[in-house]
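Several structures are given next for inspection.
Across the two complexes that follow, chain A remains constant while its partner is chain B and subsequently chain C.
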Partner chain A sequence: MEKHSQRPEPKNLNSVWRFLRRCLFSVLSFGPMPKHIAFIMDGNRRYAKKMQIKEGSGHNVGFTSLVSSLQYCYEMGVKYVTVYAFSIDNFKRKPEEVGSLMHLMKEKIDQLLEEESIVHKFGLKLNFWGSLDLLPEPIRSAAEKAMVHTANNTGPVLSICVAYTSTNEILRAINKSCARFEDKTGEGSDPANSILVTDLEENLDSASCSEPDIVIRTSGETRLSNFLLWQSTFSHLQSPNLFWPEFSLRHLIWSILEYQKVYPYLEARRKLCQES
Partner chain B sequence: MYLAHGITRALAPPVQKFQSSIILKWILGFCWYLLHLVVSLVDMVCFLNHLLLSSIISTGLLRKYQNLKLNNLNCLAIVVDSEEAEDITKTQKLLSWLSSIDVKCITLYDLQGVLKRTIGNDFKSMTNTSLRECKMSKMTVEILSLSDGKEGIAKAANFLISKYMKDDSLRCNGTKPTFSESQVSNALEAIGYKGPDPELLLVYGPARCHLGFPPWRLRYTEIIHMGSLRFMNYGSLARALYDFSKKNQNYGK
Partner chain C sequence: MLSYSSLQLTSPFNHRQTLLSSAPRRGITSNDSYASVLPCRPRASPSLISSLPPVARSLPENSPAATLVDEAEQGAALSLPSPLRRELLPSHVAIIMDGNSRWARARGLPSSLGHEAGYRALKKVVEHSHKWGIRGLTVFAFSTENWRRPKVEVDFLMMLFERVLKEDILELTKDGVRICLIGDSTELPKSLQNLSKEIIEATKNNTKLDLSVAISYSGRRDITQACKSIAEKVKHGLVEPEDITESLVAQELETNRILEFPYPDLLIRTSGELRLSNFLLWQSAYSELFFTDTYWPDFKEANYVEALASYQTRQRRFGQRI
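== the complex of A and B ==
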């Protein structure tokens, strides 16, 4: 009898919390809402040090924080979320750390494809951006399997940057554009000004997404560290001073309110650029 | 029960539904304005705090902001909002402050090329050098706009594919064009679009946004928002440079 009376309580609390969230998001939607938010999930190791837990556990807590943030973003109607999970520069870390991060990534990709996950809840489409050939085979095939599995989903899009840097992405776009040019034209043709900015943009990993409206880097660091340098021309860059595992709903709300303040300015500059 | 409820809702007079949706909109709007009032108040407090500290720094009372050690600053970039850049006196004042702090290399950028038209032309007449770069007494000043960013990279791609198409040995081998990052950097240099990667970028404008600064050069640049150029002061500049001098980067490690 006791167990039976305890079980409905969390469900009721969840419903009340969900209802309050919907009210809050309805208020926020009165102003312009971002369609694409990008996150640089910085500070997992420093969080682990601060909480005096194992370094690997910091990344695990970071993943939990990611799933909640994704849930809130998609409930608010954000169509695209992009996250910087692993940079090509991160391969320079100690082999044991790289190995455990790879292991964590495989585990989380598999978790995302399970029935109860956020992918199924929202009908997410998964993208993996980066030089996937640099990843160990199990992770690369898990990523490719996840992309195939969710390719026909019509819900919001989650793009995960692994083995990624922006300059590497631009380089691959240059190589694809040049290869296409070579296929199309014959010997002796002069390619002067044949490759345009639009050709490069069509060949970027991000070609199917709109440009990010907000780029958030946690832990207070003010650099982009080779993330979305091409796509962030008119993005509002934000650097909240807290570690990624501490990022919660109130920080996300604050971030969107700050974006709404500068939206008229950024939108005017974007339109000016499109007209010229 | 749900069916009855649905039918009742459907039969409710349209005017009533219209009135309740207007009331709901008003309530949502009011709550939204309240939220934004809180954000504005917090931002105002932060701004006043910053202004107070910057004013104290400008007086020269705080010694640590006086002799700035800028050993790790080889190149400083400044992004200015194009509308604010029309007031040329502000930019000239900024350059003179930077010269007094001994900053050797500066890259100025604005979206629409206003700085090229105003300051750039000034430099051209004073020093008889190119529009994009000139040497002042001890400073090198480079002036860029949107066309030096993505378009520069597209031109570098054209340069690389041109060289490839003219190289019969590569094409006869059947090798597909596969360039490297260093080849792209060399191509940018060959066509006059290469410059140093700034370690620090100061944004003068209403929002923290790089507005299309050449992407190839922004990889590890610290990006600081300085507020509007209209309200620029020496104290915030000194504070930004001091905070930068204390930074440590892992570069991914």
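== the complex of A and C ==
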């Protein structure tokens, strides 16, 4: 007998799913779309505990969730995505955990540069924000190599905050501003007139990116934990009550719908608040 | 753990769903020293304060004033509403008092009445904070962006600030409230500038509650003025460039110079807006955020208790594992 109904191959299912997503994103784009979304990927370890899997596996599942979310963001036309991967404060955790996170980071950075990765698919430009000199040499080299490798890409931008805190970022901007001020002046000019808000902004790690429209922190915690304090001052803050590995397309769509609801008011306030 | 379904019409950012947990509160409490995780000036721990310029004011033991403070603290503990626990209260609460104009518009009233109602709400919150033993309260009264509002509204607000400072100064002094102003005072009317100086001088020795009012304030400008101050010190050889640290930056911020607890443990914003709007950017790095849909004039004791109760359930980790 003929097999008149064969199972569709996974490739075909992926195509159908991609088509459906494209339709969904087209509908979504009738409203204002964010240009920059920032994620605080919180809850990997608690997810592992909840699912009763090995503790480090939560971070692996979290990475998968990150790649999916990036794919959806870039398919929707989001130009900039920033993620909080590792804070300077996290160095205070147990050495075994820090070591395993460093190892995971190296592995994932290398994976991002592979042929089949999302970086090549979308022509991503990679940024690593933070005090990279605090990282062990293999990870620092991998990060620098990734930035050099993607420097000429013209696609969307993925900024990964590692060894990062916002206060440290602002401190480095202050150091640069003070150094430039000294270079500029040599003979007695007044810092009060020479250093402006824009000077600090130009010296932040994020100078080449627009400010985030949305900052999403998972796991239900409502705090910024020293992430993009300067840049997120007018961002729409969201705190869905689920762990990062559980963050999926429907949560991202909900997040954008929430943003679109308040967009007219946000945009009016933002125009009013442009600082000279 | 709550997750939102596609049918949920309320915002995922819904603090009313963050229920009081019956589990014991874990994590680093607000009374613990978190100097090792914060980049800036710590609170309360003697071993850490010794390495930094002394800022905290302390009363001599067995002094009549110290006895009064102890009695007042005991009294404060007794007057706490039931879900609140004295040892879990934040030391410093910051509030973005948003929604006065929308409150008035919803009632068909001019915005000036909204601001008047907002002032009454503020008085109540100061009273509750004082009664419950919260030591620091910072309120965002007027931002640098607010100068772009209609002139009529701005003039009214300046007059309101002057009026309330004149009317309530005696009551605040009697209650031991120390008033501080942060923000660019050079943009304020001269009369308000002079009055502010008088108020600050008159209340400088009060110790019960530090009430800091942010008028013409911008978090970015606060950080920029800290940068300018540091550049000035480097220019005059008072500081070497390699000695510019996060602690030094923090010391130059407006809040550090005048407040005993410069970093808010809890930051409340009313009116449903989910953003910080350039308020205490550096200082709120680790603050717990609480957003409520209530407009500021409608913010009553129950709302304040809800915010404080929510704070009590938070697990503050400062990047570490508990």
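By definition in this document, the second predicted complex is superposed on the first by the 262 of 276 C-alpha atoms of A that agree within 3 Å, B and C clash if a C-alpha of one lies under 4 Å from a C-alpha of the other, contacts with A are read in each partner's own complex, and residues count from 1 in each chain.
The definition used in the following text is that contacts are C-beta pairs under 8 Å (C-beta built on N, C-alpha and C of every residue); 3 or more make two chains touch, one makes a residue touch a chain.
These numbers come from a predicted model, not from an experiment.
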item: Clash or fit (per the criteria above) of chain B with chain C on chain A; value: clash
item: Which of chain B and chain C A:240 touches, first, second, both or neither; value: second
item: First, second, both or neither for A:151, with chain B first and chain C second; value: neither
item: Touched partner set for A:260, first chain B, second chain C, both or neither; value: first
item: Contacts of A:170 with chain B and chain C, given as first, second, both or neither; value: both
item: Touching partner for A:26 - first (chain B), second (chain C), both, neither; value: first
item: Contacts of A:223 with chain B and chain C, given as first, second, both or neither; value: both
item: First (chain B), second (chain C), both or neither touched by A:250; value: second
item: Residues of chain A contacting chain B in one complex and chain C in the other; value: 87-90, 92-93, 165-168, 170-171, 174-175, 177-179, 181-182, 188, 191-192, 194-197, 199-200, 222-226, 229-230, 232-238, 254, 258, 262, 266, 269, 272-273
item: Complex contacts: residues of chain B adjacent to chain A; value: 28-29, 31-32, 35-36, 39-40, 43, 111-112, 146, 149-151, 153-158, 160-162, 164-165, 171, 176-181, 184, 205-212, 215-216, 218-225, 249, 251-253
item: Chain A-touching residues of chain C, taken from the complex the two chains share; value: 1-4, 6, 11-13, 15, 17-18, 36-37, 39-40, 144-145, 148, 218-221, 223-224, 226-228, 230-232, 234-235, 241, 244-246, 249, 273-278, 281-282, 284-291, 314-315, 318-321
item: Residues of chain A touching chain B in the complex; value: 26-31, 87-93, 165-168, 170-171, 174-175, 177-179, 181-182, 187-197, 199-200, 222-226, 229-230, 232-238, 254, 257-258, 260-262, 265-266, 269, 272-273, 276
item: Contact footprint of chain C on chain A as seen in their complex; value: 45, 50, 87-90, 92-94, 97, 165-168, 170-171, 174-175, 177-179, 181-182, 188, 191-192, 194-197, 199-200, 220-226, 229-230, 232-243, 246, 250-251, 254-255, 258, 262, 266, 269, 272-273, 275
